[in-house]
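Alright, structures below, take your time with them.
The two complexes that follow have subunit A in common; it is paired with subunit B in the first and with subunit C in the second.
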Partner chain A sequence: MAILKGLLKVIGYFLFISLMSFSIIRLIPGDPALHIIGERGASEERVAEIRKNLGLDQPLPIQFLKFSANALVGNFGESTVSKQSVLSEFKVLWPATVELAFVALLWSSLVGLGLGMLAAVKRNSFWDYGAVSLSTLGFAMPIFWWGLIVIFFFAVKLGIFPVSGRIDVMFDVPYKTGFYFLDTLLSGQWDAFVSACKFVVLPAFVLGTVPLALIVRVSRASIIDVAEEDYVRTARSKGLPYKQILFKHIFKNALPQILTSIGLAMGQLLTGAILTETLFSWPGMGRWIIKSIEARDYPVVQAGVFYSMLIVIIVNWITDESVKMVSPKMRDQQRGG
Partner chain B sequence: MKKLFLAALLLPLFAQAADNFIFCTEGSPSSFNPQIVTDGTSMNASSQAIFNRIVEFKSGTTEVIPSLAESWTISKDRKTYTFKLRKGVKFHSNAAFTPTRDFNANDVVYTFKTQLDPKHPLSIPAASYDYFKAMELDALIADIKKTDDYTVVFELKRPESPFLANLGMDFASVLSEEYAQSLIKSGKGLKTLETAPIGTGPFVFKSYQKDSTIKYTANSTYWKGKPKIENLIFVIVADSTVRTQKMKSGECHIMSEVQPQDIEALSKNPAVKIQNAAGLNVSYIAFNTEKKPFDNLKVREAISLALNKKSYLDVIYKAQGLAAKNPIPPTMWSYNNKTVEQVYDVEKAKTLLKEAGFPNGFETELWTMPVARPYLPNGKKLGELVQADLAKIGVKVKLVTFDWPTYLEKSKKGDHAMIQFGWTGDNGDPDNFMNVLLGCTAVKAGSNYARWCHKEFDNLLQQAKEESAVAKRTALYMKAQEIFAKEKPWYPVAHSKQNKVMSAKVQGYKISPLGNENFEAVSLSK
Partner chain C sequence: MAVTATQKLFRNKNVLYGTILFAFFVLVFTVSFFWTPFAYNEVFDGMTLQPVGGKFFLGTDDLGRDLLSRLMIGAQFSLGIGLIVGGIAVVIGAGLGLFAAYYGKRVDQVLNQSMNALQAMPSLLLALFVVAILGPSVTNTIISVTLVSIPTMFRLVRSQAQVEMAKEYIQSAKALGASDVRIMLRHLLPNCVTPILVQSAVCCSEAILNTAALGFLGLGIPAPYPEWGTMLADSKNLMETAPHLMWIPGLCLLLLILSTQLISDGLRDHLS
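The block that comes next holds the complex of A and B.
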């Protein structure tokens, strides 16, 4: 019974996701044929011919059935712009997005957690106000402006980091996993690895400022919350050292909320950071999908929406599961129920 | 170890190998098969770098000169073109293909037959060869024959003067027949032509990383001699502000599409130089002459009188534009200097509007370009200026815009009242401006945004297309421009200059009036 229920749920999810991915792009006017023609114009017959080549002459329900049947087996068709299979383009761009998201999230989680803890422990002090306002400032700054300042200062003025790109043009990294951090090492190019590290610094720094504010605030608030619980007060009155209380009692119980906020940020970053990718010429998913929307490249947009919805569901599920693992409260509930 | 790593991280970058030449381009190519791409970005990455055509445009001009064809003759009835091909031209090789023979007539026949006949065994099934058809070569060419290994004959259905120039365009790049056959034989399929191109051109394709880089190496057996650049690298940088920063930090040798407002700051940088040249383009506001009140010539005249062109040039084009009065730019042959310059006269505009039956003006829409183009960097700003000018004669203008595909779709159907558009020439022929943008057939095709079909004007264009003597064609186009100036289907705005920002070390670069980027004669000084 439970299996059946689970299966129905998965089928429901799948139908919903594929219907959404199929229809969203078709709800906006314009189609790929017109983009191909451009300023030049073409006769009705030519437009009809191009539409036919793209399979757009068939009725919508048929198109949808074809799309979802193919999606089920992982076939998302060919881009109408590049005529390459969507999956083959995805395979190259996705690792770039993941790599950037990973570095951005890594530093913003570590720094965010540290600042949040500092703010909570030294509540209402200079440190508290400093940490919170600094992270909020980072969040409030428009990425484009903020990114340009960072580029101007670190790349143009100081010249210690490159303006944009993913690796120095002199390196040829053979495709193994698509992750430059791995591929450079797998092919034994130490210099290329160092170059990849240099290139990721600025975009990851800029991108990480967005989740940073959230992580600082959530960790500060949840640590303060937990610190006011009875058992903490008891532990303190027993005379336990503060460090022990902080890490053993408070932090452990505040972790679920913090993890949830990191999970949320992760779901967001993994669907591609459009502005950061554009600004730093980072060859990732965000720019690919935006370009494809402009060109009404239906297959790519469909796959992009499909992937984005899927990744949010998966990340949320993983977050829930890991919260269950670390949180004594939820773990016990699970056992009891 | 850790320290070493940190030290390496902080070392200044760009120990750039001296033989790398970096072109910072604005986008990713959609394909490397020049026959099927339609955008300039893809053509520069494929056709210009990797391929040759049987004729070409002399660097920096629109003059047609021999390339893979050494010479040609045209029959008396001007329907038969015979090309003598160059001997000893070698195709590139890659990991999967090594040519066994030199370029010959079979390659030329293959190149055009596949585009002409969708049933040709080497034709790419789903490709629609859009550019070939857009230039109407499918309706023009009757047959292409090889008479011997180095002679090819084109039979046309009717005489057409722009034909030779069309053969110099990117979609006419010559591909290797032997390569296509080997792809079929090995089971790789013709799709490989889009990712692993083989040409005869100055650079050999090496690798492509989507949205990141394209790499080429010099063709050591190039028939014009090996290019001076050893490694040509296209770095894809979508944002023009970032391209400018990369130019300043020395990460680019040449950048594409600089914004007018960045030029002044860049010109003060000693490591950078700026070249400019007249562009083969025009921007305009078209009146939808099928709609009231723009079917009335007096209304079109009144609006043209009320617009202050000088302010548009000052605000939008800075010093980079030239006031337009004809549909073709002044650098093009047959440009009519004598047509009257549009004057700015608000009072006269009001009188004309009264005569047309609109003493209190009227309400209308102006569609503004949603994308920046070299011919019109800021459509919205132009819209606002026009709106303010027309308010003075009582015409209330609502500014409307859509995203680009929607803009194209709606305007093609003629939903607009007044609309901004522009054009950059393909082959340097006036036909490519006037017939494409103002001819009667173009109303149906959707590129005549004024939806203006003027019998006398159209007859002149058709005569000029079939005529061969340049002097006679010039006279016909001159006359057509007079009709244009009188009938005012458009308000022509400007011809913009092309600016190229490059490192001071770049030598031998020439700006192409057609907007091509070709690096075969370029070098870097030490």
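The block that comes next holds the complex of A and C.
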């Protein structure tokens, strides 16, 4: 029964995502085919061909069914700009974004957790005020300006990190997984691996800033919350060492909230990736979507809507599941306890 | 001496500093309609990339236009859009929230699900897709940024209004034969003012940020209007020769967003 329910949910989500990405072309006022051609104009046959390519020559319900069926196997047609299939472009680009987001999330959660804990434990100290102001600033910071500042200092003034691309052009990395960290090591090019690491530093630093602000704020607040619970007072009055209370009693119970905030941060990463990738010419999904919008490359825009919504839903699901796993309360509820 | 509610509110440091900062931008915004040092699109030959100070108070850009004048006009877009979007979000988002909570059942389900649908996408991405459909312009920027800000307002107001709906005064108002509209506006609305106030400041700051982000990506307010995000995008290739073009618009943007966030944070603390 639970499996059936889950399956229905998945089908519902899928239909919803494909409906959203399906409608984007149909919502354009006027004929999208004429939009694609632009102001130069084209022959009647060419217009008919484009309409057929986009599947606009059939009734709407059939169009939608066809679109969904194609989306299911990842077929979004071919890009009107590069003439390559959208799927083959996506295959090369998504690992770049995931690699960048992974590094950004890793540093921001580690530093964010550390700072949040420090601020909560040493409440009203210099560290606390520092962490809180840092997170307030981080929230308000327009990430693209922050990126410009980072480029200004680390690339222009100091010249220690490269700012454009994923790896030095002198390296030729054979495609295996698409993740440069893995591919360079798999092909045994140590220098290329170091270069890939250097290229990821600045964009990941910039991308992780807003998530950092969120994680610091939430982990501080939730640790302070839990620290005021009765069982913590009991543990203290028993004379347990504070370190043990902090990690065994407080941290464990604050973790579900912190994990939820990290999940939220992942959603922000996707938005941030668009700006960061544009700023650092990082060849990932974000820049792909922007370029396709500028070029009115609608098959790619549709795929962009589809995949980004898919990612958000998957991320939300993973967050929910991991919160269930670490939270003793919710775990017991699931077992029916 | 008696302490008025306003004085109490401004004892909150966040509200105080936020309001001071925000008032400064409102001043600049107001002045910009009547006076700027030069016309924002006036090109001064041979005066390109002037540094800060001198005849041009904040220097000039790569075409020889006065930066201060452009910043002031830019405030019209950033702050103006922020205020407009905050206002529309209150009217539509809060209105729909009250509506959904009051009528419940089907109405609530439909509204709630459509808001969920809007929220299934990261906000900037949704704004981008709206611009992709409608094309970049001032109106379309406002439309896309507003659309993004409505769901959170809706949700907050709806959940607060649902709590209020279960209370007795609503039932007694119904029993007295008050009309639906009257209950919603006279009874429900005043009790939902806290989330509306806080969230409208949040909407304002998100709108400012998203407008600038759209501008930075080249899909926001089109040229020749000076918009802070677009100005930042243009400054990227000039950061070595004219770093003031990067520092000043960015700082304005940061401070404006910071001011609205301080106000919303402070209000939340103060009212809860």
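Everything below uses one rule, namely that the second predicted complex is superposed on the first by the 288 of 337 C-alpha atoms of A that agree within 3 Å, B and C clash if a C-alpha of one lies under 4 Å from a C-alpha of the other, contacts with A are read in each partner's own complex, and residues count from 1 in each chain.
The criterion applied here is as follows: contacts are C-beta pairs under 8 Å (C-beta built on N, C-alpha and C of every residue); 3 or more make two chains touch, one makes a residue touch a chain.
Here the structure is a predicted model, which is why all the values come from computation and not from measurement.
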| item | value |
| --- | --- |
| Which of subunit B and subunit C A:Met141 touches, first, second, both or neither | second |
| Contacts of A:Ile160 with subunit B and subunit C, given as first, second, both or neither | first |
| Which of subunit B and subunit C A:Pro59 touches, first, second, both or neither | neither |
| Touching partner for A:Arg46 - first (subunit B), second (subunit C), both, neither | first |
| First, second, both or neither for A:Gly188, with subunit B first and subunit C second | neither |
| Partner chain in contact with A:Gly74 - subunit B first, subunit C second, else both or neither | neither |
| Which superposed partner A:Glu294 touches (first subunit B, second subunit C, both, neither) | both |
| When both partners are placed on the shared chain, which of subunit B and subunit C touches more of subunit A | B |
| Touching both subunit B and subunit C, residues of subunit A | 28-29, 148, 151-152, 156, 278-279, 294, 296 |
| Residues on subunit B engaged by subunit A in the complex (per definition of touch) | 5, 8-10, 12-14, 16-17, 20, 22, 27-28, 30-31, 36, 38-39, 126-128, 130, 133-134, 191, 194-195, 207, 209-213, 215, 233, 235-239, 241-242, 245-246, 248-249, 251, 402-406, 408-410, 412, 421-423, 436, 442, 444-448 |
| Subunit A to subunit B touching residues, read off their complex | 28-31, 34-44, 46, 49-50, 53, 81-84, 89, 92-93, 148, 151-152, 155-156, 159-166, 168-170, 172, 194-195, 197-198, 201, 278-281, 283-284, 287-288, 291, 294-296 |
| Touch list for subunit A against partner subunit C, complex | 16-17, 20, 24, 27-29, 136-137, 139-145, 148-149, 151-152, 156, 267-268, 270-271, 274-275, 278-279, 289-290, 293-294, 296, 301, 305, 308-309, 312-313 |
| Of all residues in subunit C, those that touch subunit A in their complex | 117, 120-125, 128-129, 131-134, 205, 209, 212-213, 216-219, 229, 232-233, 235-236, 239-240, 243, 246, 250, 253-254, 257-258, 261-262, 265 |
